[in-house]
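Take a look at the structures below.
Both of the next two complexes hold chain A, though its partner changes from chain B to chain C.
After this line comes the complex of A and B, so read on.
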């Protein structure tokens, strides 16, 4: 069997958690380091690669498939910052069809176009909506498409729950050739307790955090200009954080099969952390605690 | 990238520009296939159609000591009945998915079904055949395959037919062959070759295979027939063969191609061994590969003379013949009819693609206005064409014979007639003689009312065949 072209990485996470921002900045950092990178947005919202492309429109694979019988690579891709090849899978018209199937069909179309053979990437990053890990959205981590999956999570409980769901999917598919977990990318870190909370979740599930991305105005500001931080503020501390993540992904081959928490365990864990955070926020002082 | 890396092969439409709907003169078809892009056609109304699942079962039902799990809702058992109807005595089961399974995933039921079949029948291989429900749900077959393969130490082969990925049922052959190669044949070419030659036979009549073996005995070859009436051991050994000889250039094409590209087994390019000259050409192509041209030449001369003697003064001179068969079969029977002096006035074939370009080009030279109708199951179109052409004889499989006979046209069913080789010519001629000698049955049927309205006959034959516009 021939060797797969480049490292294929899937980045999952709850919607709105900063997945696309993180993925795009990692892509930009990898490209800046001299690598050939493809970023594939696997989300019907199809805005994964916007900040790599200066905010310009890019027809999605599925929109193009709907309108043309023959799809060419140049119809569905654009070269963004640092030469990153940007592709958006897209989805059906909202309210009809099956978005998961759409991801499936789009990925099949990319294989059909021999994108990886033609472009010869060093890295392929799949940016995947992670709220629902149904069969379709699990496509990048099934069938040996991606080698490793990373999950972007904040210290928000809903985001942790989404990560735990992804762990269930990885746990299911990894033994039969699916992707293994590379680690957690802790995002939007603001509160002092956030790193400890995510670390604790990682410890409980047999995984680890590969980097902490602080919440930063530089990110928001760069996005308003349709750019990644790597492009807009390359000297900023935030850019260095993304470069470190890219470096980790480049150099580190570690991966695990996570041990997801079951529902009662997850609830108990969340309740305990909820109590702790409440006490910190409201200033509760326990008996015998040293002040 | 390895062609076997994907779960399923590219559809015939994508790989060979296969058309399942088309009507027009052969010269236009030839011209169209000379270009780079073939515009797909769609049928706005279809009377009946096969799908890839049914074609997949044709191959699986021929593999000995196998069991097949049709993984889907109970209605899919209809496909299993077809499996039985092909005369197969291999076992099959349907997993009977219910609403809950389609939501929660059906891997549990699949596992249970495989285990039940394993303990009951001790098969040497288990096939899992997909369907639209499984494909749309992205049901997890792979985990079950990996898990039970290790637990039972038994090859478990998933066949990812979907029922909708291709408009041409013939893609089902490719999908099965892809799975068999992927799961049984190993990741690379074996270091040591064996002394055998593969005889590639897909969904062929047993007597056709027998006749091919008789013919090939001439060369003293050790033959391994795959996949028809084969075992997984025999299939596995195909990768170490010296060369592959197809019995048909169409149905087993994907198998021959991958054996050549991935495993280095040369594929001998041949047309179908039907008709006196057709059989001779087949033998001579194989002989050229083996360097035994004179042996084939000698046999052909002798057999051709012997066959001519058996046919006596039989001729189809002045007889207009219509042929309706699977594509390669149809083209080879067309040559045979012309060899017998008949005139072919029209052709219905199941699909048309780049594998048939040679036939299209040759026919364009001989008879450019010959009309080709591409359909798999559209009796209403065929009847309309036949009523206009009014041929003297219809040669076809059993699918539409009844309807054709009601037009008063003498029919010959080729469904269970072994046509391969010199003896195939004699058998066909015997049937034709009977059909032409007494047409009273068809004439009696023609007195019954037509099942179609006259309005349909006034329309063009390709009324429902449209070019796909995007």
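After this line comes the complex of A and C, so read on.
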């Protein structure tokens, strides 16, 4: 590969946790700050960049590859809000074929097209499907494509579980040139205990939280307009939260190799938090506890 | 995996299924996999078994999938391939077999076969990825497909002869003498009034397979025959008889008497047949005596091959020919329980004699143990020749891979096979013997 153009960042997290929303808003914020940005959806659903493009159709790399032998960059990309170059890897029909291999094939195709040399991005963001289910979905962090991985997580156990799985993958590949972990993006923060829970998990795994994104109606509203918050409500507090995340990713070079918890540790940790939340909700007052 | 294997003699499941299907007239295999799988079957299996392969390589239908089919699924490619195959290649039965890549992706093969059947095409299928098992496993999978699916597709037309016996456990090409061995086994069964169903090679066809359910008995010649025999017992309550090795020489008499007993055949007819065959073989032994003693045929031997060969040939060489089993290597990876059974049987060939028995498919391990035994002659695959050259001892190639011998009709089974084995073994001994050099 030629010398890498720009910072390459992969965003992981449990299905439906807010990866695409968060990634798109970060892309939009980076673009607003004057950077050249590419966002690549590595998800067969191919809806990663929807809110950057006003919901317009965009043929995926794999669909194009299926139909024609020669693929051109203009066939598979669209310029979205703030000049962000939007690309969707795409994938097979659910239940058929191998999506993992699809991600591989799409990324190979992008390299063949020399997208990064042509576009000269400052940032490339990979929005990767849910859990790291197989080797295919580890491609962005495995093959030296991305230098940093971030994980989006809420305070649900399942999203923490998925984050821990990502840590396992990073832990496995980072020593041999794979991506290191930039940190956790806490999303959909609503409950009072949520930041403390995520902070505690970060502490246990040797990582940290780079930002807390509140659950907000503005997000839903902007989504209905087919827009990012940055575009639809630039003055909102929520937009500022995303701008701060973008600024952090831009300015910060910190990264770690996380120390994932093993299954019994994770279960034990979750049970302890279960007890604590129960006590808070039911108003059990411990000695010395400040309320 | 604890260590790597060098030059394994056991190819993949896909190839095992192809071995079976290609040995039945009228069956057209359709490979659903990458293009290399079919080529590898030729390069790694059929070409290495006594030189019987189609010129160049067999023209086999294959979907030759590429990355596109891995990503999006290869079902439609298979559908197209099946359609074209039915159009271009005349066959009575089309058999879909799959390889590693299409199974990894999870293409829905039963659905594709069903679509074919909906078009009134006779299609069976079996999922045979190489990672699922070796050539013996593939042989089993293909048998299972035929036994379970064939009756639903084609209705039997012919009457089933009485006294029909199915013969199982001889894997085409994996036993380079499979054609001849089956023929001789058939001759033996006919000799005592039975009707052999050879099922493979020499004009055996789909109709032969349609007769399988109506057989009186299933006879299996190797541990690999147990599986189909069990399937048939479950489905049709057909009883079976096991003969763990290819019966060579007098072992054939034992088998024939067992069959006569079990099926209540005419014992006089059987004894007459056995007497005729044995006396002929005994005369051949007698004529061989001079060479036997002058060239010192009675020596320690190493024998490397599949279990059916090692048992059958090994027992014959020891019991009837007075040779000494130094090293016996079984290469077909039988299950642990079968290994134990074979082990105790082999140990009993020559009680008190020190025989090394090894179960291995790893060339370097095999060669080490053969070398260490310092045998006076080596019988094995063509791969063992280098050890024979190194030790300066005679060599007879008789197991897979067999790439320096042509085997068209030769058999080592039965009485005639015993004579053929004596001819080949004796010739190898004489060619490598001092006696020749002194005489000249």
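A few comments on the model shown:
Everything that follows uses one rule, which is that the second predicted complex is superposed on the first by the 280 of 291 C-alpha atoms of A that agree within 3 Å, B and C clash if a C-alpha of one lies under 4 Å from a C-alpha of the other, contacts with A are read in each partner's own complex, and residues count from 1 in each chain.
Here is the rule we use: a contact is a pair of C-beta atoms (placed from the backbone, for glycine too) under 8 Å apart; a residue touches a chain by one contact, two chains touch by 3 or more.
Quick caveat, the model's predicted, so the values are computed rather than measured.
If you put the two complexes together on chain A, you find that chain B and chain C both fit without a clash. By the document's definition of touching, both partners, chain B and chain C, reach A:98. With chain A used for the fit, chain A forms the apex of an angle whose arms reach the C-alpha centres of chain B and chain C; rounded to a multiple of 10, it measures 40°. In the superposed model, A:191 lies in contact with neither chain B nor chain C.
Contacts of A:233 after superposition: neither chain B nor chain C is touched. In the superposition on chain A, contact of A:158 is made with neither chain B nor chain C. In the superposition on chain A, A:73 makes contact with neither chain B nor chain C.
In the superposition on chain A, contact is made by A:175 with chain B only, not with chain C. With both complexes placed on chain A, chain A has more residues touched by B than by the other of chain B and chain C.
Overlay on chain A (Cα): least separation between chain B and chain C is 5 Å. Judged by the document's definition of touching, chain A residues 98, 101 lie at the interface with chain B and also at the interface with chain C. Interface residues of chain C facing chain A in the complex, by the touch rule stated above, are 67-75, 104-107.
By the touch criterion stated above, chain A contacts chain C in their complex at residues 62, 65-66, 91-93, 96-99, 101-102, 105.
Across the complex, chain A is touched by residues 1-2, 4-7, 10, 14, 37, 40, 105, 136-140, 142-143, 145-147, 187-188, 468, 470 of chain B.
Against chain B, in their complex, chain A makes its touches with residues 1-2, 4-5, 67-70, 98, 100-101, 104, 111-112, 114, 116-117, 134-136, 138-139, 142-144, 172-173, 175-177.
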